[in-house]
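What follows is a group of structures, each given as structure tokens.
After this come two complexes, each holding chain A, first together with chain B and then together with chain C.
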Partner chain A sequence: MDQPFTQSATDINKIGEVIEARTDQLLAQCYRLHEAPPLGSLIKTREGSIEIYGIVAGASTHALDSGRRIIARGEHEETDEAVFAANPQLARLLVTDFTAIVAGHKSDGTVRHYLPPRPARIHAFVHTCLADEARQFAASLDFIDLIAAARRDFAVDEVVAACLRRLAAVQTDPQDFLVRAGKHLTVLMSEEFQRLNSILKRLK
Partner chain B sequence: MNEQSEPQKRLGIVVTGSSAEGIGVKLDQDVSVEDIVLGRYVTIRGEKRRFFGMITQVSLESSNPQVPVMPPDISDPFISRVISGTTTYGRIQVLPMLTVGTDAASLLEGPQPVKTVPTHFSEVFQASQHDVETVFGKEGGSKFCIGTPLDMETKVCLNLEEFVKRSNGVFGKTGTGKTFLTRLLLIGILQSRAAVNLVFDMHSEYGWEAMNEKGYRVKGLKQHFPAKVQVFTLDEDSARRRKVSADSIVRIGYSEIEPEDIELLRQTLRLTEPAVQAAYQIAHKYGDPKWLETLFSPEVEENENFAKDLNIHESTYRNLRRGLETLRRFPFLVSGGEGNSVQRILESLDRGINVILEFGRFEDYTAYILVANLLSRRIYAKYREKVERALGDGLPKPHPLVITIEEAHRFLNPELCNQTIFGTIAREMRKYNVSLLVVDQRPSGIDPEIMSQLGTKIACLLDNEQDVDSVLAGVSGRSELKSVLARLENRQQALIFGHAVPMPVVVRTREYGSAESYRDLYASGKRTPEEGKPADDLWP
Partner chain C sequence: MPLDFSQTIAQIDSMASRLALTRESRRHKLETAMATMTDHSRNLPALRDRIATAMASRTSTWLAAGLLEGLDLHIAPPSVPNEFTVIAADGSHIDVDRHYAAHCFLINIGLVRLSYGRHPEASLSSSPSLYFNDEDVVLMSPSGGEPPEPIQGPLLGAKRSVDECRALARAATELSGDATTVCLVDGSLILWGLTGAAYPRFVTEALIKGDLIKHFSQIQRLSARHPIGLASYISFPRNTEVVNALRLAICPFDNIDCDRNCPPKARSKPCDTVGGLLDRDIFRHLLKPGERSAFFASLSSIVINLYDPHRICFFYLNTGDEIARIEVPLWTASDKNVLSSTHAIILDQCRRGNGYPVALSEAHEQAVVSSRDREEFWRLTEESLAGKNIFLETSLKSQSKRTRWL
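After this line comes the complex of A and B, so read on.
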């Protein structure tokens, strides 16, 4: 069960590591500053033999040391890139991390759209998913339920819309996918008509 | 309801149901409510049984009360695609009529009346041609095709053998095709030999040619079946003018008129109640057969003391005389003994020949009520006698007789129905093998008791609330059928329910009047009946 996380071809998509884990949510730090995966994109990590899928729900870049405030340095620079060039230490003092909502997992080769038995491990690698994997993940739309039910400490509706837009882009018939997803949402949000309407508007 | 290769269109799934209010079906997303037609058939595949029912209501529903208040932006095709079928959806109400189990025993048993509802989420399909055929049977024998269900090519067949066992009614407001339907029924009865017809043809429409609504000539029964139909007429002049070969002229003797007949005519002759009593009094004094003759004789007319002698008030007497003068003006009423018209009609009926009595120019109710009632009374009496004799001697009963009367509310209204022979026939039904085919545009004018005795009712469009109520009184699924009945098209559509059909059915009535329709009728008549009786001898 506790297999080591072996290197594979997907390592080209390796973007960071889990630094805080909960069953329904994880926080990962990116290896590269400012290179967080886009909002709503599908990422995965691993807990033993189980692959855990997450939907990126928000990212932030901040000082590594929370006690030290960042100060503006670009007053005399032409571009913002020049600020980093003039202060190479910044890349080491700043860090980008992102939160992902756990939207399912894969065990025994099957994608399951419910929470994994255990949260991801700290330092588990985080990968972005390729188109094929995203299609396999979105074959059933039940993952929407998990995202929509996430805690409201981020813009859940925005995440749902962004995620569906991104998943639609890898489908053979994106419009049909969006309509199916929209219908799924209408059932899910039958009591919240205005919320539904605003998500639907963002799906186009 | 059987397995078949024909693909069936799925309409939706059962979401609600009660034996009292029918079954609610949520339409599938790809089914447009605009394609749903009231009165169309559906089959429901329950867990253990299949159900056959009729669509009685279509409605638009939404899963959220906010939707009607704040409609979504449907100008966006994406949103409208998403919303339709989920937040907003179509719903139909189905009245289940028949059911058949899926095991071998119940398949053999055939469709049975519905006593339960299908389980939740049973699939609902549009009924296929095959389903309808299973329910309404194939043409041939006593099964007569009356039309096709809406939007279908299958034939809806009436079981004429069942049909003639009871009195039946054809209703509909004027211009909706009652006469056409009646003509079809008469032809069906004639072809299947289920019964012999006697038609009181008030407007001379059944025997010979008549005009249809579009102004075309359509053939009458005599033209189709000259050897099987005899036209009797009260008015030979009219027959001659219309170049109709009437087989016989009907004459009625004064002596055949009884005071009861006068009582029946009280309203049309505007007689007072005492005047009718006076008629009885005179009949009592002068003897039943002779009373009218006596009253019309010159001696009585000149005798000023006639009324006083009988203790009849002068004004009552005058009222009676004035009324009876109307009768005297009818040339078909002749002084003298009994005419032999009744005898001739009976002889024809005995030989299995259908009789159509044309009234020619005597289209007013007085003549119609008087003659129809008088002749029917005698014919019925003879039939009764024959049946009783047949019972006594163990002989076969006489061939069933169907008497067709138009403007039936004139005979069968609550005030008169106990006095006319038609009330008796309608009530006693098949005991004496005589039944009625009632044709009327005001069914609410007919006594409710009589209405309830009608076996099969065929209703064209009726838009008067009372008429609709009276036609549907006592039928299960009444309120559902009501909405169907009120939405029938003006012409060529009818709702049929009762003994001769396994379930209420809306039909587009069979074409009548074109050469093709005649060929079709001949063909269906020649279709060998299931019992194996050759029908060829019907054809001249």
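After this line comes the complex of A and C, so read on.
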């Protein structure tokens, strides 16, 4: 049985909560405005004893109340930070959220690069993953299949490339990781040459 | 059926022609008003006494402003404190629905605290309260000699205003630090809905003397510790107390006695030379953007009789977009620093809020109960009661409104 995530308020890796959940995708709201995890980064959440891994596929900042239109306020301010200092309510009325493609899960201590049996729960905490965990997650490259197969309502190829770049950066031999990832993509996209080429170009 | 515009348009045209005619006459009235203001500012004590006497003897038809600071002053905007806090409360309610058998109402109070300066900070919240106990939905006469007064309609509006002030007082008490603070509500500090013979005296006493004054005093006590003011903001005010003071200035009779000197049947009165003007017409002319007027006292009987020790004063403020009326208790008005900060901070709030104090507008956003929320509220009520096997009757009229059949 895995240990649950630390759920104390001081957990620096705790960045938000799931607010919409599907088996293959989740939407999480960040606790801090403008502080979404970077595109392609690895995050995790939990459903019961199962840890669910996701790759950040896009983020947005918008009005908490969708009926309220945001207006420009900084014409006479020198910095955009000054706009927030002059209008402290904004930090409470705007919200940043991000979408993550579910890229696998961990049950019984084993990372599995296929979809979890159930989606994450609403309000489940979302954590960023540290380097050790990212290396463990990327020991096998099968997670690429799940991301590449995600629905095309966001820039999936950009997400694949960003994810591989970020995972390469935590490897002891980043170049070797990228070569292996490139080979994996070549097999996966053997009939989509243009798409393959476009991703490979973004790995540099 | 849609409105028949072919009939309405002709009526709109005649209304526009009528307004064009009255514009010229208003210009004359405004000139008279401004000249009267200038003349009487030179001998303010005489006019002050004349107004005070007329109001005390109740011989004037017109409710005139008490002159405390001056008449035609226009005071430039002071600088905003480096560190300050604004607390604003606003409410909204779901009234008792007489077509519905569950006798209850809901008051939702939005509360906002905005701090500016080195550590800008905001807190926004709303707290709904459902009133349903027998003793909560009526006001009882203390002697038991009069029938209980159900809290609904305008009385619920007044109760909501009291609850807004309660929320302000509570939030002000919880403040830490000693930054200059303005506590702000929308509308009047005077519960005009309770005036006249509309309600028995025990109702006004319970709401004003029993509750409202207690909350005002709670905020006033804090003012001993750090600079804190209480104010209400009235957008597009329709008051005429300053114009009425000018009527009394113009009145040629030594002893003001409207009924005797100018019987109601008289075709025109000398003071009609400024009649029809609103205070905001005068102050639009007098105040440059950012300036405030002198502060005046409300001499209305509700304030005199029930608001003690909080005499309500008011001043007008040119926010740059409109002439707003700001009401403050005398303890806020008579503390020069607090009055000056209140002036500066409310003006600053209007600038930050595109013409209306941003803290009030956010408090309103927190409080607002949409028509969808109302429907959901009644649906949940029905569902919850049905869960306990309580089935309530609704009127057929109410059902017909919900289902617009063809």
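Worth pointing out:
Just so we're on the same page, the second predicted complex is superposed on the first by the 195 of 204 C-alpha atoms of A that agree within 3 Å, B and C clash if a C-alpha of one lies under 4 Å from a C-alpha of the other, contacts with A are read in each partner's own complex, and residues count from 1 in each chain.
To be clear about the criterion, contacts are C-beta pairs under 8 Å (C-beta built on N, C-alpha and C of every residue); 3 or more make two chains touch, one makes a residue touch a chain.
Predicted model only: the values in this text are computed from it and were never measured.
Clash-free side-by-side placement of chain B and chain C is the outcome of superposition onto chain A. When the shared chain is aligned, chain B comes close enough to touch A:V187, but chain C does not.
In the superposed model, A:F84 lies in contact with chain C only, and not with chain B.
In the superposition on chain A, A:R92 contacts chain C only, with no contact to chain B.
Between chain B and chain C, it is B that contacts the larger number of residues in chain A. By the document's definition of touching, neither partner reaches A:I55: not chain B, not chain C. Within the superposed three-chain model, A:L178 lies in touch with chain B and out of touch with chain C [touch as defined at top]. Once chain A of one complex is fitted onto chain A of the other, the partner contacts of A:L203 are limited to chain B, with no touch recorded for chain C. Distance between chain B and chain C in the overlay is 50 Å (nearest C-alpha pair, rounded to whole angstrom). Comparing which residues of chain A touch chain B with which touch chain C, the overlap is empty. Across the complex, chain A meets chain B through its residues 175, 178-179, 182-183, 185-187, 190-191, 193-194, 196-197, 200-201, 203-204. Those residues of chain A that touch chain C in the shared complex are 65, 68, 71, 84-93.
The residues of chain C lying in touch with chain A in their complex are 112, 114-116, 120-124, 352, 354, 358-359, 362, 365. Against chain A, in their complex, chain B makes its touches with residues 29, 63-64, 66-67, 70, 72-73, 76, 78-79, 81-83, 85-87.
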